[in-house]
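In the two complexes that follow, chain A is the common piece, with chain B as its partner first and chain C second.
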Partner chain A sequence: MREGFHRISPLADVAIQGRFGADKGAPGVELSVRHPLSIVTVIARKDKAEALSAALAGLKGCVVQWAGADQYYAVSETYAEGALYRELREKLAGLASLSDQSHGRIVIRIAGPKARAVLAKGTPVDLHPNEFLRGKSAVTQMAHVGVHLTRTGEDAFELSVFRGFSENFWEWLTGQAEEFGYQVS
Partner chain B sequence: MTSFRLEKGGLIDRAASLSFSFDGKGFTGHPGDTLASALIANGVHLMGRSFKYHRPRGVISAGSSEPNALVELREGARQEANTRATMIELYEGLVAKSQNRWPSLAFDVGAINSLAASMFVAGFYYKTFMWPKSFWEKIYEPLIRRAAGLGSAAKEADPDKYEKAYAHGDLLVIGSGPAGLMAALTAARLGARVILADEGTRLGGSLLFENEEIDGKSGLDWANSAIAELASMPNVTLMPRTTVFGWYDGNIFGAVERVNDHVLAPSPYEPRQRYWRVIAKRAVLAVGAEERPIVFGGNDVPGVMLASAMRAYANRYAAAAGKAAVVFTNNDSGYRTARDMRTHGVRVEVIVDSRADSRVEAGGVPVIRGRKIVDVKGGKGVAGIELDDHMHIGCDTVAMSGGWSPIVNLACHRGARPKWDATIAGFVPPDTGESFVAAGSAAGRMLLSECLADGAAKGGGKPSDAPKCRDETYAIKALWWVKESKTKAFVDYQNDVSVKDLPLAAREGYSDIELVKRYTTTGMATDQGKLGNVNAIAILAEATGKTIEQVGTTTFRPYYTPVAFGAFAGPFVGRHFQPTRKTPLSDWAEEQGAVFVETGLWMRSSWFPRADEDWLASATREVLATRSGVGICDVSTLGKIDVQGKDAGAFLDKLYCNTFSTLPVGKARYGLMLREDGIVFDDGTTSRLADDHFLMTTTTANAARVMSHMEFCHQALWPDLDVQYVSVTEQWGQMAVAGPRSRATLQKIVDGVTLNDETVPYMAAKELTILGGIPARLFRISFSGEHAYELAVPADYANMAARALMQAGEEFGIVPYGVEALSIMRIEKGHVAGGELNGTTTAADLGLGKMMSTKKDYIGRMMAMREGLTDANRQCVVGIRPFHRSDRLRSGSHFLKRGDAPSIANDQGYITSVAFSPMLGQWVGLALLANGRARIGEMVKIFDGLRGIHQYGVICEPMHFDRENARLHA
Partner chain C sequence: MLIKCPHCGARPVEEYTFLGDARPQRPTSNDPSTMEQWFDYVYLRDNPKGRFDEYVQHSGGCRAWLVVSRNTATHEIHGTVTARDWTKSRQGAKA
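Our next item is the complex of A and B:
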């Protein structure tokens, strides 16, 4: 690829770094955009759900998130354009259909003591740590937008939305975080 | 003005003082006051005028059931009508106005309605203002509304924020009195996730104002230690100022939290209110019971209030309702008021107990047994009372207690009816199963010890877990209304329904309680009959010779108390009413000066004006530049669905009426999809990228619907197919590159391919790279009729690719074009789109009948063969041009035969799409016309009833321009 051609996030001019919202000491949440990212939709072929699930368990170099019945997202920060898609297509040949979604979804990370409180303003999913364990994902809706939600830590989550909604979703999300104060990094 | 503030006691902060104004007059109160308690402490009882008769009214209750003390709170954009003074927490700078009075609260012209009271009897809306009919809308209704309206809303937009949120728990406890606290404590100690919600400012319920003794301490101290324990537990969420207003399927409760109603203006970062959906595995209804008024003459004179309210004002707010009180009761609890008031140093003249044989400790207050109050003397305040033996007693306030009604509302929201319990003379909640149970006085348990034990049991423990306490006696002998009263006695204060209205309704044939409600308006408006309904039911029962059980209650529906529209809307107002979806090319389009148009949720570039061009001038220029050189258009919004798997081709063959399994790899084909009923559903091109990999496109509008359709078909109809599909719409930024110089432009940015009819023939779908390595897909397809391509690149590169194309095409005069120009070009070419694919047309109607395969089965095939769908006389797509070349065509205009007058019977069809054709220099259109294809060349009358236009037009072929498709292959 010619030099100087970089992927530009739709939130590049929107998710501006800094401290916003109410000042009640430490920010209630920290928000960041994971970009650039490789994301591949993996859907089991007919009668291959179990074999696929076993194959996915052995994958290295990417995180696999549940995304529906026999569907997953494989996510990684370390691959070049299209490389994860090509690699998985080889490794999972015959087991799954794959589609590159690296540019189609925007992943926002939210972390901090108020992360659950902010998300409770959008999703009906119970995010209590006993109910929604680390590594678990849900397909839900927040602010009228479909969201793929994953718990990545005790107080840390990832929200993946269609790229086209990302700016609108960001505006909503930061609005909900205002009362706690938030840091964009 | 005399102060009615008691010298000591109360949960108010006497060290701090708050200034507020009511009807323009300044007062002071203390933190901990409500507006009602602060006014009472200032000796103000007159707080409003009644709905129909404009009678002076004072506060009746000390809680959310208040029917009278409704005020306009705040000013300007934050003004809020019908706000209950009993629920407004006092804050510095509070401004409130009384309602429903003119010119002033003390002197109200509308009170003249009282003199014409006979005109305002039950059903007066339906009787008095009936004739002539035309007067209703223009004269009667506006007059009644002005005279009877309660408060006025702000005209400006609400400046405050509102939020929505979800909460989850093992147990939701609604109400934080003795039963609620006990239930929450018991469950929380057992480790359950507990949510405790209460509509009050602070938790504690009746323990905040009743003199009780629990576990060797005062009820208040016990409550405070219970609340402190709950607050310290990580598995407990306390939600004061939160009204649970409804119970819904799935044990989901609706609640509204008044986050910042108690301040002058919220912080810009915080909402005023938050709308909660609470999802609870189990819930306990511990909302207590509501004291009932007694219906007697003058029971609405300011200064007459519920006995529990009078002692709440004294005990909790240190505000005395008067200097000399009379208590009128039919049950034991009224005595508590007499004793408490006396303890506070207020003279209690007498307890009037309607029961002849009661024996309750009166604390030294004289008791008159077996007597009733027939009338209250006074207008804007109480001057004294008259008993049924004509005895007059002087006093300035009256406490009344007609017994207690368990607050059953929430338990009845899903349809179950409450049950009558004669022992307590009240309705108790229905059995609604294990997941929602009532506890304490909400369940009809009238003793404190019963409430605590019930709370412990419903919280998951044993009744014996509850602490010891002191019980007050409780017994009641029902007295619904005082028949000896001659003066006006009110059943429903808010709607001015008097005791005479209910038998009248029954006499006029409205004897069912639901009809009585509508006919008399009893139980309507903001309080929904919280105080009056049981009395009304009892009065109706006697009038109709039924029992109370037989009469039953009206239907209980959400919302328990009024909820602001703002809370329902939450943050989704204005620009955020629905989400906005931006295309990957939006930055580039903005740079090019695009005017955007909402298309569903998408913002699409509509035209790109230069200087002071209007939309038509801009779109015309864009078309001319494209057709003579090259133009690019953002088509990213088209739905794109990856279809993969061994049976992908077979799946598409079943979905589309034409065949895809025969499509060679590297080629694209136009497809038409029918609905099950044979009508056209959607269209678009599908490309084959590999043997087992297709890329479908859908129209922008139908993208989500097509996806659902595919899921249904696969899962329900053909689960055996090995096919996988997912939307990849957002992965790609896609642009149409159209015009005779499109190939030359693209050639400058593609890597290592010479573009010609061999490498990229018509309908080719090719994967390649551009600009030195950016992956891309190039499709040689055309909607404009020009030699054209669509170029797709991963979305993060889309703006860059478009900018590079603009640079590459500069020498050819490249222009960006928007959906207006796109639409003009497709109409010139007679291509059907949304106007024609309008849910009424068949493939044949669209001139695409030949696409319907006869060699396979597909969705819609059978139904498309129905007689009505194959009728030769159906309306089908034709072209239309005005007879006079300079005439403009209007979409939606109807066709008539030349000599016919406009009528439905004479209707021949209508125009679906119009455009000013820059190529032809005149307006052209597409239309649906009965038996249209046989009528090419016919002159028709064009009728536009909306604009009053009659003109003539000539039917022609749909394709207006380049009928040989020479440009497509140029």
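Our next item is the complex of A and C:
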């Protein structure tokens, strides 16, 4: 890595911290951008799906999210540039094909009592707590943008979109959250 | 119109991309004498009324290729399988 190399979030100038909407009363949701992240796409090779899911279950240091049939995202905040990709390439050799998406996707976290109400405006996915369980992921569309949606807590979700759509998506998301009031942190 | 994806569950039709009839099978030979089979495979399509098997991609979701059995008159969905399972079952039926 070159000295002075510094990754800038595509939402750096857009996601301005503060309290917005619903006349700035108590916010219904809290929005934040997870950055910088290491994101690696993991796709099982032919006939290796079961061996791959077993290998992924034993992984430490990153969160593995379902992202389609025999496909996953490995996500971590703790790795240096490119390090997660290199580590997984070694550990999953022969089981999966990998692609480093750290610069390609942006992850927005949305949490709070109104998080479901905001997301339900955009997606047909059933977000009921008993249906969309903690740790579960779904790939869907919101405002015509492909979104990878993961439930990370009781009322907390993560939205992963391509970075080129992130500014447009942020505008849409904050527009939907306006009626509940939102805090950007 | 809701289509049930084997991986994602019921999703609206906007998330899907339709390719077309799943029944024509690609000829295995490149021999010039099979030109007629190739012509049929590439150009000729039925336009049935009733149950119809189509290749559909869940492009707005898990991106898997599926075969959706749909009634062209009523848009009733009879069933959905992955294209992989569909091909396997068709090969099994032939063998």
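Please note the rule applied: the second predicted complex is superposed on the first by the 179 of 185 C-alpha atoms of A that agree within 3 Å, B and C clash if a C-alpha of one lies under 4 Å from a C-alpha of the other, contacts with A are read in each partner's own complex, and residues count from 1 in each chain.
In this section, contacts are C-beta pairs under 8 Å (C-beta built on N, C-alpha and C of every residue); 3 or more make two chains touch, one makes a residue touch a chain.
What you see is a predicted model; the values in this text were computed from it and never measured.
Of the two partner chains, chain B is the only one touched by A:169; chain C is not. Contact with chain C, but none with chain B, is seen for A:140 once the two complexes are overlaid on the shared chain. Contacts of A:104 after superposition on the shared chain: chain B is touched, whereas chain C is not.
By the touch criterion defined above, A:77 reaches neither chain B nor chain C. When the two complexes are superposed, the chain touching more residues of chain A, out of chain B and chain C, is B. When the two complexes are overlaid on their common chain A, residue A:155 makes contact with neither chain B nor chain C. When the shared chain is aligned, chain B and chain C each come close enough to touch A:124. Chain A uses residues 71, 124, 126 to touch chain B in one structure and chain C in the other.
Remark: chain B residues 161, 163-168, 193, 267-271, 277, 279, 571-572, 576, 578-584, 601-602, 642, 644-646, 692-693, 720-724, 726, 728-732, 771-775, 794-797, 799-800 touch chain A in the complex. Put simply, chain A touches chain B in their complex at residues 1-2, 5, 7-10, 21-22, 36, 41, 43-47, 71, 81-82, 96-105, 120-121, 123-124, 126, 128, 131, 143-145, 162-165, 167-169, 171-172, 175-176, 178-179, 181. Only residues 7-12, 14-15, 60-64, 82 of chain C touch chain A when the two sit together in their complex.
Contact residues on chain A toward chain C in their complex (touch as defined above): 67-69, 71, 124, 126, 138-141, 146.
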